[in-house]
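A, B, C and D label the chains in the order they appear, each numbered from 1.
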Amino acid sequence: MSVTPTKETAFASTLVKDSYGKSLVRLTKINRSGKVPTWKEITVEVELAGPEFSGCYYEGDNTKIVATDSMKNTVYVYGARNDLNSIEEYGIALAKHFLDDYKHVDEVNIRISEDIWSNILIEGGVHPTSFVKAQSDMRYTHIYMTRKETKITSGIDNLIVAKITGSEFAGHIKDAYTTLKDTHDRIFGTKVEARWIWKNEKADFNAGYEKARQIMLETFAHHHSLSAQQTLFAMGDAVLAKVADIDEISLTMPNLHRIPFNLEPLGMENKNEVFVNTSEPHGTIKGTMARKK
Amino acid sequence: MSVTPTKETAFASTLVKDSYGKSLVRLTKINRSGKVPTWKEITVEVELAGPEFSGCYYEGDNTKIVATDSMKNTVYVYGARNDLNSIEEYGIALAKHFLDDYKHVDEVNIRISEDIWSNILIEGGVHPTSFVKAQSDMRYTHIYMTRKETKITSGIDNLIVAKITGSEFAGHIKDAYTTLKDTHDRIFGTKVEARWIWKNEKADFNAGYEKARQIMLETFAHHHSLSAQQTLFAMGDAVLAKVADIDEISLTMPNLHRIPFNLEPLGMENKNEVFVNTSEPHGTIKGTMARKK
Amino acid sequence: MSVTPTKETAFASTLVKDSYGKSLVRLTKINRSGKVPTWKEITVEVELAGPEFSGCYYEGDNTKIVATDSMKNTVYVYGARNDLNSIEEYGIALAKHFLDDYKHVDEVNIRISEDIWSNILIEGGVHPTSFVKAQSDMRYTHIYMTRKETKITSGIDNLIVAKITGSEFAGHIKDAYTTLKDTHDRIFGTKVEARWIWKNEKADFNAGYEKARQIMLETFAHHHSLSAQQTLFAMGDAVLAKVADIDEISLTMPNLHRIPFNLEPLGMENKNEVFVNTSEPHGTIKGTMARKK
Amino acid sequence: MSVTPTKETAFASTLVKDSYGKSLVRLTKINRSGKVPTWKEITVEVELAGPEFSGCYYEGDNTKIVATDSMKNTVYVYGARNDLNSIEEYGIALAKHFLDDYKHVDEVNIRISEDIWSNILIEGGVHPTSFVKAQSDMRYTHIYMTRKETKITSGIDNLIVAKITGSEFAGHIKDAYTTLKDTHDRIFGTKVEARWIWKNEKADFNAGYEKARQIMLETFAHHHSLSAQQTLFAMGDAVLAKVADIDEISLTMPNLHRIPFNLEPLGMENKNEVFVNTSEPHGTIKGTMARKK
């Protein structure tokens, strides 16, 4: 390789931000250390940043580059070394490695999605070595780590819920752009995306995840909703009220409209029974709640 | 509309097969007739065929055409009229309608996918009016109906399973194109697509579906697999052995390979614990089993 | 491996149909034999059938099994051996291999999708070694081969078109399920899926593909449409009229509705300018045209 | 609606960030004002923020809420009012509306994706009223607007390219986690996602988009690449050098690996001709370049 020396001055522009990494590294881990084996499947992303990488952008100087192929190897090496008791613990170990081994790396981001598998139910209990991925929502974590700070964000994707009563929407602005009427009884369906920030590295990640998921489901079920926004807040607030390890939570909740099908032109009445299930367009409601200090 | 008369002789070709219909009609149905309401979400396709539709292809003569928009209306009208106790019963009612009302329709195909929802679990039981679509596999039916024959096929999509022991693959042809070695212990992961044909319209569709799903899961868990083919056959055979309402079953089972990650170049041993989870390429195994007469 | 001998009589069912193969084998081929290199990217599926495979289903007897991993190897070996001048010629060579080398294979199905790449346009012409996948439609072929018969079907997927005038729909059945009114000027948008059967193995596959694609586009553009069905027929008929190598063509054309947005409640008139672009539900129109004998 | 008065103090948490809007609003616009009509298809997202929306989250007080259904109406109203000469001009008009009409709205984000359509080519030219969406990459814009600031970011998604020579990768860190060897001739394939920031609202958006797209393609083709990072920088730098209206550009370029298929175990040599085309895992390279002041 003959790197033609180039100087920053040769360029019209300056590199103001950069990072690189490996995405969609899919790891299956069987942990055979316990009485029964466990089975996990995760998809990992590694992303590194640091000022010394700029030579690679300006001049194609790769001497500071951890190859993305090596990042992939590292994901599997740590997959072997780590129990993978939780994606958070595994992700933290992985992030530390990159800061420990490469002094010129300033910032590591590890993002992990986990498919939720469970043992197959058979007569008399569960089968110890056979599994089903029956659950449609997924668990997620993002480890952000620098030499000064670690921030662990976890969450849930694709948690699809609906309630058929206890949801109103009324009193909104009525102006020249409005055709929507007030309603005091509508279906409220959504697909929750949750992201919460853990207090610190010592949090009980697995228990916290289970609890947050259940609290969100229960709050959604029980809440008398005057707006999607209000229910979103109630869900996040309930998580913060009951999971001390969580400091802040962000929820994104699309309003996946079920529109009553108009049966009148067809000579029938729609007794609030038949709806058009739609994906687009949809409302998108976002909110971040932080525990009061 | 002024249809310019065209003659079949004006064309280079003859229409040898045709059909048309409406796809992706999404229906949400709340049945409030029982003690607690039920909630179903389905996606319906209607497809019609008959010789008199050819005028529409040759000449743009729409006088025999049931507009696909009217098919959509009909899906919702029957969504209101029918209990939707099962997608099969609803689909049969819908198919009959098209044969009854339109004498020139010879063949009706109704295809329905059902998202599986359940009540949200709360402390002390289930919430009666709030639901979660937590299950990742889907239920399916296809009603084929002519004036002479009704064939009801049902099934399951996206049933994702894996077993970590009890799966071998050995003794296959070794020739110039072979690099795969025999293995007596591999992960076997798949995503089952099942299609079964019911004995008749009187079958207990809901019980049969539940039973078939559970039998496939259990058989997959228990079977000592010498090949994906053998496990597929065992699963289909078990369904036919135990569900009298089902006459024939077809299974498609991709072999979703988990490849042991080679840790040796990295100075470690992979104790059958760390695998690369892959989607492509994948084996695809298909088989149709019929009950012995 | 110790196959426990099982007898067909041990089962509740008989295997009535089976096949197996390898899917999603993705091949990038650079042909450097000409003046400038060519670049192709295809996704291949191999599927084999034959009565002797049943032992694998009944008893896990793999002695007749061509491993799907070996099929994958074969795709790449023939990727190296074959010029890949066309996916049809490559697919035929691949299919012949499986029948030639394995006497117990009765039927081979090869299915290939091709991404369409072109050289990057630069000032003064095209760059010889840099490519862009700028085209959104894809080329397809399916080789069905037994010892008695070869059937070569090719086609196009995802050819997305729309016309803003010259499309009517009127005169359809008006009954209790109808709300759609006649229209003499509507947008007609669709996503063409074409499958045509070649006369024989000697057809000029590349020229035929280019011609068929262009004829379908031109006919769609020029045709005064009284129904989607009529335009579909006209497109297929035009291909058969002008491409002698093609004997039969099947088209599937969803009617991807653009619905005029009702601006009246907002105090404006929609001068046939603003539409809601929809994906679901959609009409689905199918037709197969064969050349007159 | 009877809002039960709730007080902020009743909650465990405080709302620290919120916004809401409408997503996936799909608009088809035919502009018939010129000599020939034009056809555009876009997907719009509207997102609003402002402190007065918090009442909706805390108490379900909707009096300040612009219903997301009204946002949808507004997209179509402005689709009728605006020429849609460019998605940027349309998006700016839409954003201004929300700030002008609703004094309590502090921040508007409009995001628009545009499918690229062109007239169908026929013998002798183009057909004036028939269109094909033949291009696989898409155009994008994001208008961020507050009462103090407007920031217009535009870009391209899904621009898929590959080069078969002039790409090296060597000299990277070799340590215990490294198995990748130096290479001086590899395929470099990527799917470019570009986002650039315009100097101001007066930029020539359509010319700038066309120019930026072409410059990125040409630079990718011509650049002798020592790393994906270096090519990314060269592409961004070239855009900034030649398009004065653009101040800053961010590129995300996955390294979509084509891995030489190992033919040696099959008794052949791979003369750099046959590759496995992969989607996962992939490298992900990101960089932001700003014009030097």
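As a convention for this text, a residue touches a chain if its C-beta (ideal position, glycine included) is under 8 Å from a C-beta of that chain, and two chains touch if they have at least 3 such contacts.
Computed from a predicted structure; not experimentally measured.
Chemist: Once the contact rule is applied, which chains count as partners of both chain A and chain B?
Modeler: Where chain A and chain B share a partner, that partner set is C, D.
Chemist: Could you tell me which pair, A-D or B-D, is linked by more C-beta pairs in contact?
Modeler: Between A-D and B-D, contacts are more numerous in A-D.
Chemist: Relative to chain A, which chain's C-alpha centre is the most remote?
Modeler: The most remote chain is C.
Chemist: Find the pair in B-C, A-C or C-D that has over half of its contact pairs, by residue number, in common with A-B.
Modeler: Equivalent chain pair to A-B in B-C, A-C or C-D: C-D.
Chemist: Where the CA atoms of chain B average out and where those of chain D average out, how many Å apart are those spots?
Modeler: 36
Chemist: Could you state the distance in Å from the CA-based centre of chain C to that of chain D?
Modeler: Result: the chain centres lie 30 Å from each other.
Chemist: Need the CA-centroid distance for the pair chain A / chain D, whole Å please.
Modeler: Each chain's C-alpha centroid was found; their separation is 22 Å.
Chemist: Touching two or more other chains, which residues of chain C qualify?
Modeler: 26, 73, 77, 177, 179, 266, 279-280
Chemist: Based on which chains are in contact, what kind of graph results: line, ring, star, complete or other?
Modeler: Here the contact pattern is complete, since every chain touches every other one.
Chemist: With touch defined as at the start, can you tell me which chain B residues reach chain C in the complex?
Modeler: Result: residues 1, 3, 11-26, 45, 47, 53, 56-70, 72-74, 77, 101-102, 168-173, 175, 177-180, 182, 184, 225-230, 232-233, 236-238, 240-241, 248-250, 254-255, 279-292 of chain B touch chain C.
Chemist: Which stretch or stretches of chain C touch chain A in the complex?
Modeler: 176-177, 179, 265-267, 279-280
Chemist: Per the contact definition, I'd like the list of chain A residues that touch chain B in the complex.
Modeler: 26-32, 37, 39, 41, 73, 76-77, 79-80, 117, 120-123, 127, 129-137, 159-166, 187, 214, 217-218, 220-222, 258, 261, 263, 266, 268, 270-278
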